[in-house]
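Both complexes shown next keep chain A, but they swap its partner, so chain B is in the first and chain C is in the second.
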Partner chain A sequence: MYKLILATRYLLKRRMTYFAVLAVALCVFIVVVVMTVMTGLVGDFKEKNHRFAGDCVVASESLVGFAYYEDFVKKLEGSEFVDSVSEVIKSYALLSPRGRDVSRGVEIMGVDPVKHSRATGFGDTLYYRKNDVSKAFVPSYDVNLPGCVLGIDLALQRDSNSRYAYDSSPGHVGFAVSCFPLTARGALVLGTAPVNTKTFYYSDHSQSGLARVDDSLIYLPFDEAQALCGMDGGAKRINAIHIKFKSDVKLGVGCDEVRRLWELFKGEKADESQAYLLDAVTVQSWLVHRRSLIAAMEKEETMMGAMFGFVGIVVVFIVLVVFYMLISHKSKDIGVLRSVGASSIDIIELFAGFAAMVGLIGSCFGVLGGWQFLLRINKIEGWLFERFGYQVWDRTMFAIGDIPSKISPKVLAVIVVSAVAACLIGALVPSWQAVRLKPVETLQVNQL
Partner chain B sequence: MNNNDVILKSEGISKSYRMGATRVEVLKGLDLAVKRGEFVAIIGASGSGKSTLLHILGALDSPDSGVISFEGKDLARQSSRALNRFRNKMVGFVFQFYHLLDELSVLENVSLPAMASRSVLGWFGARRSVNARAEELLTRFGLGERIKHKPYQLSGGERQRVAIARALMNEPRLLLADEPTGNLDSEAGNGIIDVLDELNKAGQTIVMVTHDDRIAQRAGRIITLADGRIKT
Partner chain C sequence: MLKLFLWLRYLRKRKIVFLSIAAVALSVSLLIVVASLFTGFIDAYERIAVEFMGDVVLQPPKKFSNYPQFIERLERLEAVDTATAILTAHGVLYLGKGNVCAVSIHGIDAAGAVKVTNFKNSLLEQKDLPGEPSFVVASDADAIGAFLGIAAIKEPDEQTDEYDFNDAKEMLGKQIVLTTGSVTEQKGSPSDDSGPRFIRKVMKLKVADVVFTGFYDIDKNYFFVPIEELQKTLYPDIEEPLAEIVQIKLSRGANAESALVQIRGVWQAFVDDYLGGDPYLKGYAEIVTSVEMQSRYTAEIRKQMGLLLVIFGVVSGSVVVLVFCIFYMIVTTKRKDIAIIKSCGTGSGAVAWIFIGFGVCVGIIGSGIGVVLGCVITKNINIIEGWIRIAFGLKLWKSSVYLFSKIPNEINWLWAVPIVLIAIAAAAVGTLVPAIVAAWTKPVEILRYE
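Moving on, here comes the complex of A and B:
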């Protein structure tokens, strides 16, 4: 009992322990805020990529795509684990606003909007046709014109506050889309012109939250895109199939099952004239399919974790210094305690309890401060922007809305446990030193 | 001397310390026996080894050679756990500079040995009786009104009485007092000796170290230490 009383009194009566508590609180505050924002950004980025790709993607590494997909799609749709499937044409094109002599390179995706919305989060990214995705490619100003869905940064400008200037309806703007149609062997299709060009009209825009997608992707009707890319003749071809699994199917299990079906399908089509195209097809989960983008964020998160590992080392050092000073001042107490029968373990427990208190109280203050700060982080950022024109993330460069501020209980638990552990480690050496003190030496007159 | 009467016995105790390049022999084969209920004063010049002997007798320090036996048991053969228990239950220490814990109240300081021998749960079970015992001791030493005070709010004499009360908390069989009046004025010192005298009359065995002949005269037996040995 005396250990609890003494640890509490050391904490309350010794001003230097306030600095240890403050150091822990500050470190926990910083780690909570940064890790919450970072974890939120990475989680948000992953979620956006998941919404973009669906659960599993069967895709060709070649621009010429692969044939016989209808048979494979039928197999998938007949499977118990598949919820929905979307065939996709994917290629590159030149985009020229009508009436202007400028063009830029873009990525095109030919999709059936209804099927693609079922398999991915495409429908949720639309603005005007969110509630009726079947009309995603139907311009509201003329239903007879062929429509296209532009990435939001191709369609809208940002205002001085970096916010998009939305209109109540899409503007009547046409875009000429030019593609190089390719044969199954990868050569240009021999026709009247080496380039297929067709004009599409702005029917909606898509905000996926992925900067590269929103800045350089346009969605076209599936059949139109297939024709533009020269994939509609003979054995029709596509570039990818996006698949959504039923909710009770685990990602790995579902992907393995698709892989199995694909191998069977490849065997069945081995004698077909364009079977060689199937060799360039891979079956990947959305995580692997988008790995090149996600890995960079995860690496950044790991590096942040490592940096805050160093912050933890600073806490250990501060606690070590405080405890070293405290124990130097309290050597007499240790002698007195040993003289009334306290064991070495009792002395270690006393200082470990004290360290745990410093860690817990510091963590509580840090978590409380971090939580309050995160509750207001977007208001603070808004205020900084209005007052000083400063944004933590320039929204014209980073496709994020609000700064993530949702604290993860798991992250919080890890931070608090780490803070207490850091304090215990910091107290370890001085406590061990205290145990090694000879009671006689600490009680000598010249030690007072 | 009947062996049953002897509570503490030391035989051939030697102790030396290293001071720089030289080794100083403080105790040189010292023999001592203390009977139950005895009040022994150990006197000697400064540096004669009085305090060292007292610390060895109370198992706060260990001799280089020789045997210390308490109630017939060799302390050197006891485990560290048994020695902790020995310091907690069998002996009570009173130091020249009181050595009270500044963070604890007078009552908590006195209760410290009782707290040290109990777990948190055990403490809650025995709290009332322990506090009653601590209050009884403090009242007995005229400090009944000071139980909530902190040590720094007390005079030197009062602090030493608190230290004596702490030493007696677990009703030890042996009280070891190291210069208990050394830091007090004459009046306060006499008060402390009166307390020790009274305790001895009630049956408490006391070994007291002092350099003051006048104080030593109050003890039942005086042992003089000189050159690391008992002067006969």
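Moving on, here comes the complex of A and C:
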């Protein structure tokens, strides 16, 4: 009990400790704000990638794709852990708006809109056909024309607030899509022209929130894309299967199960003529499948944390100095405590408790300040933009909406624990010095 | 002299002062590293723009003919050294079995391009050869040659982020197929099937050389073909040479602003003389320096840098608190020293200056160490990144994410100097209150016997 009383007394009476509390609060405030924003951005980006890919992706590394997929899809659909499955064609194409002398290379994805919406978040990314995804490729202005879903940045312009100029219905625009049909060996299809071209009409746009997807991807009807890429002859081929697991299935368990099924399937098809294509197929969770994109943001988050760690050393120094002063002023208290039987451990506990209190109180102020700031961060940014034209991120360049402001309890816990740990480390050397004080020396009459 | 003696004594006797030096050094080095890396990135981005596009870029709203006459007129200007034309298109490239990628096609005059840009140094095979580079394929003189970006052939290694140059060189002389196209029929409405249609064009080419600029976007997405061949393919009915962009190299020492005015004048006269005075071409041609062209992106990076420096600067503000605590402790424990100094006749102001001066010294020493540390880290950032990869398996820098193959490692002294000055000022500010406390010390109270 006396430890708590003394720690509280030191905290209240020694004003110098306020500086330690202030330093901790300042660091915690900044770290809470920055890491909340960064974690929010990374989390949001991961979630968008998850929605884009589904839970698990069975995909070929080559644009040639793989055959016999119908049998494997049946197996997946018959298994208990799979909720839905979507076969996908992926390739590159030249996209040319009709009537305009411009064209650009894009990525194409051939999907069945209903199946793909069940396996991924595709349906939610649509604008005009959100409530009836089966008509995603049906242009509202002419239901007989073949439709295509454009990435939103291919279809619309953004203003400075990241808002798109939506129309009440899609514009009547046709796009010539040209791509290379490849044989199962990866060569160009001989005999006819080396390139297939077909015109599709803008039926909807998709806003996934992923810049690279929204800026360079168009969705086409599955059968049309398969024909364009030359994958519809003989043993039909696809590039990927996107899978969604049932809600009670854990990601790792589901992926392992798909992997097991795939190995069995590969064994069954070993004697088929295009079995060699199955060797280039991998089974990956969405996290691994989108790793190259997600990892970059996660690394930036880690680097930021590491840099704050370096700056946090200053807090350790401040606590060390404050405790050093306190102990040098309170040597008589320590002498009295030791003389009435307090052990070395008790002295260390006293100062460790005091350090923890400094860390906790500083953290509380920092968290409170950070929380209040985050609540208003978008308003503050809006005000800065209106007044001074300042935005943290130029929304015409970055696919970011509001600044993330939701504090993650996990991040908060890490920050508070780190702050308390920094205080404890700072108090370590002074506490050790306190332990080494000898009552007989500190309580000598000439020292009083 | 007394001050110097006391400073040295406090430094020697009060080891805790080293903590404030360490804190100042840490903060200064961190801020210098952050500022240098960001400005290095911006400088490299602007440099690659000049190296790849020349000093000034003229981009009319649509293609125009008779560009050789325009270039000839431009080169007559004193401010202009030389110029070259470019015809652009987009396409899809078939590189081999199962290897297809989307590319941005640049129709260039290889000999002209090397005079305006640093293009020759980017060619793996021809950079060390004498003379001007060309699209001639060594193994097949009749074939149409093309320059292919190294990342389009194969992505850099996942672990080391380095390209396999031998793999890339194996592509030399190999046939590749390019699909591109243009709109050639200009009748009917866009929604009508009888309207203007995109006509697909296929070019069979051979790889004459491989481009490695170290800038991922160019190495991955750009594909270079002879300008006349691209025009023949896209616009076979047009005989006059066509261009879409003109890249201009200014004469040494030429003033960019006045050069831009002169170039605009030449352009307008050229449009009047050769393009029928088309007001659209005259009024909407963009004539800017290549650095200015990147200004929107670089301004955004500068903004991010500023934000990061403010964040770390605020956290580094704790140094003021630290210096205050340490100096306050020194003042309270050395009150007898102070009283003796004052009793010998030293004024309050002089006493205060002892501590403020000591704070400045701490700031200078800390900043000095910080600058050295910051320089060492910045200069060796690529080595440090390599160590981190080996030790933790964490590849922090990837050209596919951060555009450049190497982390820019130039120290920015324009930022380093203000950071150092602010650090010294912060250390001095931290000593203010303790210095005032010291100045107010009354010798008669401190030195009395009881």
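In the analysis below, the second predicted complex is superposed on the first by the 410 of 448 C-alpha atoms of A that agree within 3 Å, B and C clash if a C-alpha of one lies under 4 Å from a C-alpha of the other, contacts with A are read in each partner's own complex, and residues count from 1 in each chain.
Everything below uses one rule, namely that a residue touches a chain if its C-beta (ideal position, glycine included) is under 8 Å from a C-beta of that chain, and two chains touch if they have at least 3 such contacts.
What you see is a predicted model; the values in this text were computed from it and never measured.
Engineer: Is A:P439 touching anything from chain B or chain C once the two structures are fitted on A? First, second, both or neither.
Structural biologist: After superposition on chain A, A:P439 lies in contact with chain B alone.
Engineer: In the superposed model, does chain B or chain C contact more residues of chain A?
Structural biologist: C
Engineer: Which partner does A:Y2 contact after superposing on A: first (chain B), second (chain C), both, neither?
Structural biologist: first
Engineer: Per the contact definition in the header, classify A:G335: touching chain B only (first), chain C only (second), both, or neither.
Structural biologist: first
Engineer: Could you tell me if A:D346 is touching chain B, chain C, both of them or neither one (first, second, both, neither)?
Structural biologist: In the superposition, A:D346 touches chain B alone.
Engineer: First (chain B), second (chain C), both or neither: which does A:L63 touch?
Structural biologist: Second partner only, chain C.
Engineer: Quick one: is A:Y10 in contact with chain B, with chain C, with both, or with neither? Answer first, second, both or neither.
Structural biologist: The first partner, chain B, only.
Engineer: Considering each complex separately, which residues of chain A are in contact with chain B in the first and with chain C in the second?
Structural biologist: In chain A, nothing is touched by chain B and also by chain C.
Engineer: Could you pull out which chain A residues touch chain B in their complex?
Structural biologist: 1-2, 4-6, 9-10, 13, 332-333, 335-344, 346, 438-440, 443, 445, 448
Engineer: Mind pulling up the chain B residues that touch chain A in the complex?
Structural biologist: Per the touch definition, chain B meets chain A at residues 52, 55, 58, 60-61, 80-81, 84-89, 93, 95-97, 99-104, 108, 112-113, 115-120, 123-124, 166.
Engineer: With touch defined as at the start, can you tell me which chain C residues reach chain A in the complex?
Structural biologist: Chain C residues touching chain A: 16, 19-20, 22-23, 26-27, 30, 34, 89-92, 94, 96-104, 177, 179-183, 189-191, 195-198, 200, 202, 296-297, 300, 303, 307, 311-312, 314-319, 321-322, 324-326, 328-329, 332-333, 394, 396, 398, 400-401.
Engineer: Which positions of chain A touch chain C when the two form their complex?
Structural biologist: Chain A reaches chain C through residues 16, 19, 22-23, 26-27, 30, 34, 62-64, 91-94, 96-107, 172-174, 176, 178-180, 182, 185-188, 193-195, 197, 216, 292, 296, 299, 302-303, 307-308, 310-311, 313-315, 317-318, 320-322, 324-325, 328, 390, 392-394, 397.
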